[in-house]
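Next come the structures, one after another.
Below are two complexes that have chain A in common, paired first with chain B and then with chain C.
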Partner chain A sequence: MRRAGLAIALLAVTLCVRAQQRPAFTRSAGVVAAALPSEVLQQASVKKQLGSGLTTTFLVAARQRDRGTITGARLEVRYDLWDEVWLVKRVEFDGKTERQRFASAEALEKWWRTPVRLFASDADRVLLQVELSVLPFSAAEEDDARAWITKAGGVGTAGGGGLVDALIGTTISAKPITSYRWNVDLALR
Partner chain B sequence: MIRKLLLLLLVALPLSAEDPPFFIERIEVRNHHRVSPDVVVAESLLHEGRAYSEPELRDAARRLSRLPFLLSVDFSLEKGTERGRYVLVLAINETKPFFYALDLVPYLEDDEGNVDVDYRDRPASSGGDSFGFGFRWFVGRRGVVHLGAQATREDRAFTREYAAVSAGYTQYDLFGTRAFATLNLKQPIEGLGAGLLSPQVVIGMPLTTKQTLTLAYDETRFAPEGEDDSFPCDCEDGVGQRIVSARWSYNTTNEPFVPTQGTVLNVTPNYLFADGVDNRVVNNRIVESGPFHARAYGLEVGATRYHELSERNSIWGDLRGEWARIDRESAVSERSYANTATSASVGLGYVFSLWTREERAGGDNRFEVTARYTNKSNRESDAFHGYDDDDAAQVAWSWIRRSSFGTLRLGVGYAW
Partner chain C sequence: MTRTRSLALLVAAVAAAAALFWTLLHQISSVWLDVALRPEVRQALEHSMEDQKTLRQLDPARREAYRRQFDHTRTLLNRIEVLRMNRENMLHRFELALVAMFAVAALLTAVTLWMRYRRAQERERAEYLDRVTSLQETARRHAHEIKGPLTAARLELERLADLARHGADDEELARAQESVGEELARLTRFTKEFSSFGGLGQPILRRESLGQIVEEFCSTFANAWPPVALHDGGGDAVVCVDRDMLRQVLVNLCSNSARAGAGSVVFGIVKSGARVLLDVRDDGEGIAPSLRARVFDPYVTTRKVGEGMGLGLSISRKLMLDHGGDLVLLETSEKGTVFRLAFGEGVCN
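Up next is the complex of A and B:
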């Protein structure tokens, strides 16, 4: 009985932790953005990769289940061992690119929590599936781009530009360190 | 087309340009117990004292992840002796010295009401279908000794199937060129009776991190078969085969045995000499016996694409083609011929992983469903092994388990 109670408690804790690990969504000027959970950066395998001195790529793919469209964004983080700064890059769904450098892990976490713009929508309700893949190394590779371009002709996603498809296309040849998937019923009124 | 080129420039060039090269002053292999660090560095194709971009390091990581004696490898950088210089750390997860690769998926064949069992399921262009087990020891800085048993089940029109015990040595980083050479001595134990000690030499030359040229000389001597005292034959050449091949391969897969991502392309021209004994049988009695000599040359091509749909689901598809010209001269009447054999095959597979990505760092645990259609023509090489000239369709279900010891595939298939 005690064991069963402990198991239920552990399950509750697990569910609680998992519940915290959900992105928070906002809409501004018709653009839906997601603030990614900070727990992702704390996961052991992700922390290990972030400390490798090589780039860690975070790929966010948002699939609107009712419309079948896929959009996304890409975040890249690299710790420069000699300058001791975090070099970050964010490419959002419309191709808007931002690069920054941070001197502390706190600043990195603050940047991480800044909502990343995923797609434009005027709908009151969106059924969304969001997948976050954590990839080792930079996603910049000509082969990946070429693979995407081959693919892009037939994708035809509404609301997603060509560059956004490239963000998703890069998953083709990368082996993720870990990944997350969330199913969200977004009420955007 | 112009739009695609513009997009290529937009996507590839700006991103590539921002990747700084890392000057690697030293490469350090960690967590090695049995595997030689020098072999790992050699197989990465990286050199100390050179600068590498992240895509180049990623290619090296993928190349190492395909090595059969590594389960996984993690890349990281540490500060070097001067600003701008780095130490590249390769943290490896080794396999055990005892290894096995057992592919046990028998196919049930409905042959006019009789259900036969056959293990042949893959064309030769897939790299042959064999299984084996043995021990592997690293000796010195760049050497590996192996001892084991193997079964060769290459589904070629002009080669024999057999099992053998073998011992061999592989030298990596040959003359500092990153090439490797393997000398393998085989003793056939099954197929055509006990054989003689036979040499096999394989030389692999990496052209890039994704491309390899493999030259192979494979000789197998079998014991003469089917001799009859009443019809002694002049069989001085004995029974055997000698295959010379050159395989070009392009490989971007993430694992050596059960990949879920990447592409494999193979093109293999080959040349065969074979000697043996022909028997003409009438009413279950050999009425004529004599030697035959055969020469064959051929080309095998194959392309496989693995695609990961999600963390647990992946699919693959392949296309294979084989062509061979066989010239056969026999002392037995009506057994000489010259013909051309061709084979084309298409395969599809769906793979479900029972393990999460985190669990897969230590191996693999999957279910696989495959389907294959093969069209063969003119495979009247009954002197080698009797193949039907029919089209063949196959489906199979299997369980695949990869651990630090090796890869096991168990399942069952049906062919018709």
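Up next is the complex of A and C:
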């Protein structure tokens, strides 16, 4: 009986934590934005990756389930080991790009909580599925590493390297270190 | 039995190759990745970056140079980090590619072995059929060679008995008896031919002048195969040879030339390095293309059944091989044929 009670309590705590991790949605001038939960940055694997010197990339995909449209945004965070500052970049659904640098983790977290513009909508209610994938490095770093490995392997030059090139090309990719998915019934009146 | 053994060998070979492949696969494929991902490499690069940062404070004038070096090291470290994160994926992919290559190689080997096995089977079958056909032909010739004289002798004996019953005179009886004797002589010659084939002795080699042997042969057998004229083409060399056996070879070749309608046979002695060659050239009608490859096989002849067994060239080649030399068909066409006798460099008795 006590065990069942303990299990129910743990479940309640877990649900509570999960609830706290949900993004906060707002609409301004017909554009829906989401403030991503701070807990994402605090997660151990993400925190470790942020200090690696590689560009940690956060991909946000918003699917409007009732319409079938998908839009998205991208946030890139890199810790510059030379100047010891955080370099960030935010690309929103309409291509609007913002770059900044922060001297402290607190400033970074404050920037993180700023809502990310996801899509334009005049609807009063949107059935939304939001996915956040945390990639350990950027596309540019991926391309650079692929070119370096290809060159180091002595392939990619004339003749004979096609197979190895293909192997490397299809092998090196940024697998998400973690990901989140939220299903939201959004009332925007 | 052969098929089972071949399959067992094939399976064993593939299993052994697969075991060896799997043993080496992980070690080989991960070597280059492990070299790049050694922790000390990463530590060295991190220390280098720390050093650059320290140096910019100690030597601010060269700050930009240290920055460039720092960025270069950082880029390298980033690449290694990307490589580390994809290590398992890359290994898996490379191993998969190697396995695929191994499978293709194994498949090709299996197909090749199978095809070779099938070809060997077909060849064995064809050779067996050839042997049986050859034996059938031999049996047919033997039967004919024996049956002819036997039938004739039986008829002559019946006639002899009739003559005796009806009181024929002695002269007529003698003729019938002589006729039986002739048929029995034919049988004797036939068996003698086989005896000579089966009982070929080893040559007694002596140092002889080949030119002299040819000259004597042309003289002795000048009128043996009219209208064939024998010509000594000249030349000389000392060879180790059994004179009687060489004469038998030359007789066989000249007999064939005569049957091929030749008007002349020319003997030419040629020296090729340390070897001595004797070319026997005729101007007969040549050997049919279908027979050229088998011309030295026993019982191969263009003659009709009952006119010869086709053992001459077979015996001749055997004699030359016993000399440590050989007999080859050098060329043949409708303008004539050349056989070449090669003499061995054996030690004379």
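Here are some notes:
Everything that follows uses one rule, which is that the second predicted complex is superposed on the first by the 155 of 189 C-alpha atoms of A that agree within 3 Å, B and C clash if a C-alpha of one lies under 4 Å from a C-alpha of the other, contacts with A are read in each partner's own complex, and residues count from 1 in each chain.
The definition used in the following text is that a contact is a pair of C-beta atoms (placed from the backbone, for glycine too) under 8 Å apart; a residue touches a chain by one contact, two chains touch by 3 or more.
For clarity, every value in this text was computed on a predicted model and none was experimentally measured.
Of the two partner chains placed by the overlay, only chain B lies in contact with A:176; chain C stays clear of it. In the superposition on chain A, contact is made by A:136 with both chain B and chain C. In the superposition on chain A, A:82 makes contact with both chain B and chain C. Of the two partner chains placed around the shared chain by superposition, neither chain B nor chain C is touched by A:32.
Contacts of A:51 after superposition: chain B is touched, whereas chain C is not reached.
In the superposed model, B is the one of chain B and chain C that contacts more residues of chain A. When the two complexes are laid over each other on chain A, chain A has residues 52-54, 81-82, 136-137, 141-142, 145, 148-149, 152-153, 163, 171-175 in contact with both chain B and chain C. The part of chain C that touches chain A in the complex is made up of residues 32, 36, 49, 52-53, 67, 70-71, 74-75, 77-79, 81-83, 85-86, 89-90, 93-94, 97.
The residues of chain B lying in touch with chain A in their complex are 4, 7-8, 10-12, 15-16, 18-19, 54-55, 57-58, 61, 65, 74-79, 83-84, 86, 252, 254, 261-262, 307-308, 311, 357-358. On the side of chain A, the complex with chain B involves touching residues 45, 48, 51-55, 81-82, 136-142, 145-146, 148-149, 152-153, 162-163, 166, 171-179, 181.
On the side of chain A, the complex with chain C involves touching residues 52-54, 81-82, 136-137, 141-142, 144-145, 148-149, 152-153, 163, 167-168, 170-175.
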